[in-house]
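Chain lettering (A, B, C and D) follows the sequence in which the chains are written, and residue indices restart at 1 in each chain.
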Amino acid sequence: MFLFVVRRLFFAVVLLLAVSVFTYLLFALLPTDPAALTCGIHCKPETVLANRIRLGYDKPVLEQYWQFLRGIFVGRDYGLGQTAFSCPAPSLGYSFNQHACVTSLIGETFPVTAFLAIGAFILWMIIGIGVGAIAALNKGKWQDRFATGFAAVGVSLPTFYIGLLVLFSVVIWFQILPFPSYESPLDNFSAFITAMILPWLVLAVLSAASYTRLTRNGMLEAMNEDFVRLGVAKGLRLRVILLRYVMRQALIPIVTIAGLDFAGLLGGAIITESVFSLPGMGRMSIRAVVDSDLPVLVGTTMVAAVFIVAANVIVDIAYGFLDPRVRVSS
Amino acid sequence: MTSTIDSVRDDGTGVPVTASIVGKSPRELAWNRFRKDKFALFAVGVIAFYIFVALFAPIICSALGISPTRLDGQALNDYGLPDGPFGNISTSHLLGVEPGTGRDILARLLYGARVSLMVGFIATFLTTTIGVVLGVVAGYKRGKIDAVIGRMTDLTLAFPSFLLIIALTRPFTQRLESIGVPEGNPARLTYIVLVLSLFGWVYVARVVRGQTLSLREREFVEAARSCGAGNSHIIFKELLPNLWAPVIVIVSLSLPGYVSTEATLSFLGLGMIAPAASWGVMLGDSVKYYRADPTYLFIPGIALIVLVLAFNIVGDAVRDALDPKGDRQNLL
Amino acid sequence: MKKKSIFGAIGLGLVASVIAASCGGSSSSSSSGGAPKKGGTVHILSMGEQIAHLDPQRNYTGTDLAFAASTMQRTLTSYKYAEGDAGSEVTADLATDTGTVSNEGKTWAFTLGDGGTFEDGSAITCADVAYGVSRTFATDIITDGPTYAISYLDVADYPGPYKATADQQAAFDKAVNCVDKTITFNLKVPVADFNYTTTLTSFSPVPKALDTGEKYDMKPVSSGPYKIESYEIGKSLVLVRNDKWDQASDPIRHAYADSIVYEFGLDPSVIDERMIKDAGDDQFAVSESIQPENLPTIFDDEAFKSRRVDYYDPFVSYTNLSVKNLSCLDVRKALYLALDRDALRKAGGGPYTGDYADGFIKPALALDYAKSKMLDGLNSDGTANVEAAQAAMDAAKASCPDVAKHAADGLVYYYPDTPVWAKAIAIWIESEAKVGITIKGSPVEASKYWPTVMNPDTNYDIVRGGWAPDWANASTVIPELFATSGGFNLTRNADDPDYAAFDAAVTAAKADLDRASQGKKWQALNQYVVDRLWALPGTFLKSQSIWGSKVGNTYQWGPYGSFNFGELSINS
Amino acid sequence: MTENSVPVLSVQNLRVSFDTQDGTVHAVDGVSFDAYAGETICIVGESGSGKSVMASSIMRLNNSSTATTEGRILVKGLDVLSASEEEVRGIRGSEVAMIFQDPMSALNPYFTVGKQIAEAYVVHHPGASKHEIHDVVLAMMIKVGIPSPEKRIDEYPHQFSGGMRQRIVIAIALINNPKILIADEPTTALDVTVQAQILDLMMSLQKEFGMTIILITHDLGVVAEVAQDVIVMYAGHIVEQSHVDALFHAPTHPYSWGLLGSVASYGDNKRGGLLTISGSPPSLISLPVGCSFHPRCAHSKGEGSVCMTDSPSLRSVGSDGSRSACHLADDVLVSVGRRGFRS
């Protein structure tokens, strides 16, 4: 088990390195010139050149990449003389659009994304698994039809459409909630909840849909298992069978996917954050796309990748705990 | 046909599946079951209808005398909003007109269906093809090839795909244009389809690989192998025919997903370029008018929901038909 | 002066106000009686993600200038804090008067008043102002700002304070000279209204010790009644009172509200809904714009009467033609005659968009405006005149077949990639197709639109334009838009046979220190451009704003076409 | 036949049908039999003959949403089919226990075997102390022949071989000392050598616990070895119920005859190969009119005969207590049965 974890971690680091190389090359080879973008509207060629040198974009791509990697561990310095500044380690670069170190920008926006992700995650697991279980237990009945329909629509409708519809209907037509306006939970907890409840719900309902499907099918499959029949034949109570036998089995694939989905969300819920004006990492990254803010793009991509890879490792290890067959044989 | 006492393995619940329907291939059986699902047949009809109207959009539009680009200022009031209730639905504009320009919504919906369905179908086709091929090869060959494909999968999954899709739209569209793809919408569409495939194949491949791993141990594959069948024979004649159930389910789920991704990209201004219509463009445009013209808000949304539901119903029905085990069981 | 963000409604009816809201219609509105009270928090709802630039030397956007100048960046002179015509008059701010001109307009001197301090309590000195001005020259870092300092000041090859050698710095110090509290600007050309130029925040003081270069944009040092408490792009900018600011030292600002919160990144529809609903904190909010689709809701309902305004802003919208590519007047005529301007106006909200423009100078510039004679056959109701356009096109086929063929093959129209423009471009394509002209739309990411089209390598045929004068003189309009030296000339008209004459006339008009005679010259030049259709006149734009029921002092500040944000007050 | 004249299990006119997309499947169609304490009844028949469904019905293990069950199943005087869920639960595992065909899938892979055996005990002994449970489980593991049970009690099912797992399943089944043990092809999935061990174990435990075993199997060798009574099922009906010796010596139904013939060791036909039953099992959705076996029956009389029109009922034939559902049972007895088979 220990060896397994070490191997897994080593592989994760290699994977992250690969991701960073790809990300860096991908953006470095784009036709957009980051120096030109910092130069404003009345841009002269000599200004572009000066900025390119100032930002380090004059160097070969590989050297830039090396500087980037180095920055993560020792920080980076920019500019000269009075306008010099530095981004301390772990530095993911400096955004010339936002005039700040990428690391601190991510530090500012990440909590919002994390709050969004955690709340939505809890809600969607409850809704997804709950509705899925109801569907499985009522297979073929109207509850099942409704749940599968809900799953179908939820999986496939664009988030922005649902988000705006929910926003308009809840806030404008039915006036149940005020317009969401993000507040830090530390400053104003009730405002925080009021602002987050809609994005949580939207994200939860959309993501819950696939969990409904997974839970339903997983449970139906589990109910077919001989060991469940044996459980019944033992005289176990329905609740016990559902929890220890059926759910236990159905939850394993759900845990895997939930881990990855949650990690994906931590990388920024781009559309949800945009629709609900949440100042999170997703919205920052889309702003970076609009502004061609490459350092922020590379930074958020890397952070998102770290979450995904980490989630993979955690899921793999969790798998060992959830399924003894994996644990012992590895 | 003769039958010894244990010619068909009892499936444990005692519902004698094979006993009841004799002498038909699994495919026929599935089709028979599918045919009985009225709901699914209706959904197939809906999909066929969508494809039909998308294919014949120009003919339908000219028959109805409408156009997706023609401006109709007469249908708008002074402020550019539809000059009549319900988005100015009238005999000349059956679903009303677009605010701001007076373009016919029905015509735009029909032409939009072409774009949306095309993106959906092509992306699904590509992801499925790539995913199935790589998944089967990985699962069947195992060893080094499996490892390489597995690492590719890990790497692909490690990227925040949606962010990259957005971030790379403009630069890659330019790249495509510079290598000869016609400018504008053809290049955008090509990019969308390619990039969706680039990130989408992984999910298909993983499912297919898993299925292949278990199939390759099954008797009929071993039988084929022991008869000296080559790899390509086994993959194409033995494995693939047995993989289409899970693949169809994936297709039925992913196709509407791609349609909705196109919509999201259009909403972000990365989809179709004006004056072309797509459902995404319409959805993105219509949400602004929830107050001024709610009819417009619902039309493209309903069109999309109906399509999505139809695909899901068909997908579920196909799975049920191919996998009768769904019927047996269960105690709880 | 540029328009705010080009994200939203670009050109089709957006922000800003008038130099003189003379042409009626809209009775704007200061607050509901009584002197404004102190206290409270004003909210500004914005669809932008940030203030384009808060660095005073980089700020060049109407709304942002009004915001920064009225809250944090004191300038040597300022526009009066008043609505209507009075708002366009210049008055003293940091200086004790509106400046002393000598040397036939080439030397301007200002004396700083007493008691002005930065937010750290240090006194504002002449050197701080000179340092601030010098930053404009560091164009690699200080981007996007107005460059009047560079074009007016009598100093050559000065690279800005960060890179200047001692000699270069000495040369600058000669051009901008400090003696005790008096700052003297030595100009290389006579500028009769330089004291209007100094209303720009690029003439604001910056304390050298606190200059962070690149990063100054995020936290400029305040010299006004407010200072930054927090600023997060995409989230909010919170201003609180600057307790070092002394009311007595400031002749114009009142600073009623205790704090001002700029909320960024809101969906435009959501802003409109919040303003319409007017609940909670939104009663203390203002919004700079209203989406066209919501205008009827707000303006047809008398309930909004006391908290809305529909006014002429300082902006003119127009369409630049690449005269280089379309070197044939007949084709340009055909383009203009075939264009369904009525449809475009409707797409922007109909009457709320504004009036059909007869040139590039708005009537509010009373000295410089005269009604132009428009093209024969141009329908005054804005609809297309397809026959006349076809005739022009036929003429073009004979007179300049190459250009006519180019037009038929496809004219590349660079437009900002926004939903509103997607509809506008569809209208262009449809209308021009009727006379056989093909329009090929090329969407450009909104935020990169201007840098893209300003790039000489971008080969466009048509690009949009929108402009407001930097001060009440068409010298900030005609030369800027149509002279090759202008900062916003997108017409590529240098090779036009009539350009040389135009350029000479512009030089003459600029040098004319008799304001009335100068005005006549601008009128003639405006007509000159209209006759040659280097650009197609569009709309004398109107803007609409709405504010919460408890916000006072909501007048529209003429020169910037926006609220005077620093003066907004809360009535409870 | 037994010392106790009250049956521990009485199945009376049991009918089970399933609704499927293709129609209603009549899996069990009017089955009645009694089982007495300590006896072993084997149920044989082709796949789909309804034997497993019938066995499941005894513990009400059929899908409640698609299955329709009629008739009565009396266990200790309680009608399982009409009892409340709670009453049935009280019987499951304590009065009636079940062993499934595939030990590989019958155990919950997520819990240790010890826990799974204990679970079966605890549910019917709610007050048991941890210590007591541990002892009982350990004792049971020893009884079913698990080597070094102290160690293996904390292991997971996948760490056991197939035979060992089936021993665990048996341990689970017997931990509450049930009166009836239903074993649904308990050895089919096992290696031949292991099969014998498991059967021996079951038989020796039967002696120890004195329970009734209902053994579903298709292995007539097993039947010959362990059964007292044999029930032959075909298409949801009991076509023959006989004492084991009677069946092997004198099957009273043509189908039983065919069954015996299709087993190699009993095959004695002239070609030296397997005797087979021609044709395939009928559709349980639409059974042939008359005797359901008639399309495959060599003795069936032609068109218009009783075989084609009337469904035969189970009746006593011969003198050795055999019951048969063949119109021609007496003829068969004479013309076929007596002729062919010796064990």
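Everything below uses one rule, namely that contacts are C-beta pairs under 8 Å (C-beta built on N, C-alpha and C of every residue); 3 or more make two chains touch, one makes a residue touch a chain.
Predicted model only: the values in this text are computed from it and were never measured.
Listed by label, the chains touching subunit B and subunit C alike are A. Note on connectivity: the fewest chain-to-chain touch steps from subunit A to subunit B number 1.
Contact tally for A-C versus A-D: the pair with more C-beta pairs in contact is A-C. Innermost chain of the displayed assembly, by C-alpha centre distance to the whole-protein C-alpha centre, is A. Once the centre of each chain is set as its mean CA position, subunit C and subunit D turn out to be 91 Å apart.
If each chain is reduced to the centroid of its CA atoms, subunit B and subunit D end up 48 Å from each other. Chain centres here are Cα means. That of subunit A falls 40 Å from that of subunit C.
Annotation: 54 Å between the Cα-based centres of subunit A and subunit D.
Annotation for subunit B: residues touching 2 or more other chains are 12, 284, 287, 290-291, 328-331.
For subunit A, residues that reach two or more other chains under the stated contact definition are 139, 164, 168, 172, 226, 229, 232, 238. Contact with two or more other chains is made by residues 61, 65, 100-102 of subunit D. Residues 139-140, 225-227, 229-238, 240, 244-245, 248-249, 322-325, 328-329 of subunit A are the ones that touch subunit D when the two sit in their complex.
By the touch rule above, subunit C contacts subunit A in their complex via residues 49-50, 139-141, 143-144, 147, 161-163, 211-215, 217-218, 232-236, 263-267, 269-270, 273-274, 277, 279-282, 445-448, 450-451, 454-455, 487.
Residues of subunit B that touch subunit A in their complex: 12, 154-155, 157-160, 162-164, 166-168, 171, 174-175, 253, 256-257, 259-261, 263-264, 267-268, 280, 283-284, 287, 290-291, 297, 301, 304-305, 308-309, 311-313, 316, 325-326, 328-332.
Note for the complex: subunit A touches subunit B at residues 15-16, 18-19, 22-23, 26-27, 30-32, 137, 139, 148-149, 151-153, 155-161, 164-165, 168, 172, 220, 223-224, 226, 228-229, 232, 238, 241-242, 246, 260, 264, 267-268, 270-271, 282, 285-286, 288-289, 297, 300-301, 304-305, 308-309, 312.
Across the interface of their complex, subunit A is touched by residues 59, 61, 65, 85, 89-94, 97-98, 100-102, 105-111, 119-120, 123-124, 156, 158-159, 169, 172 of subunit D.
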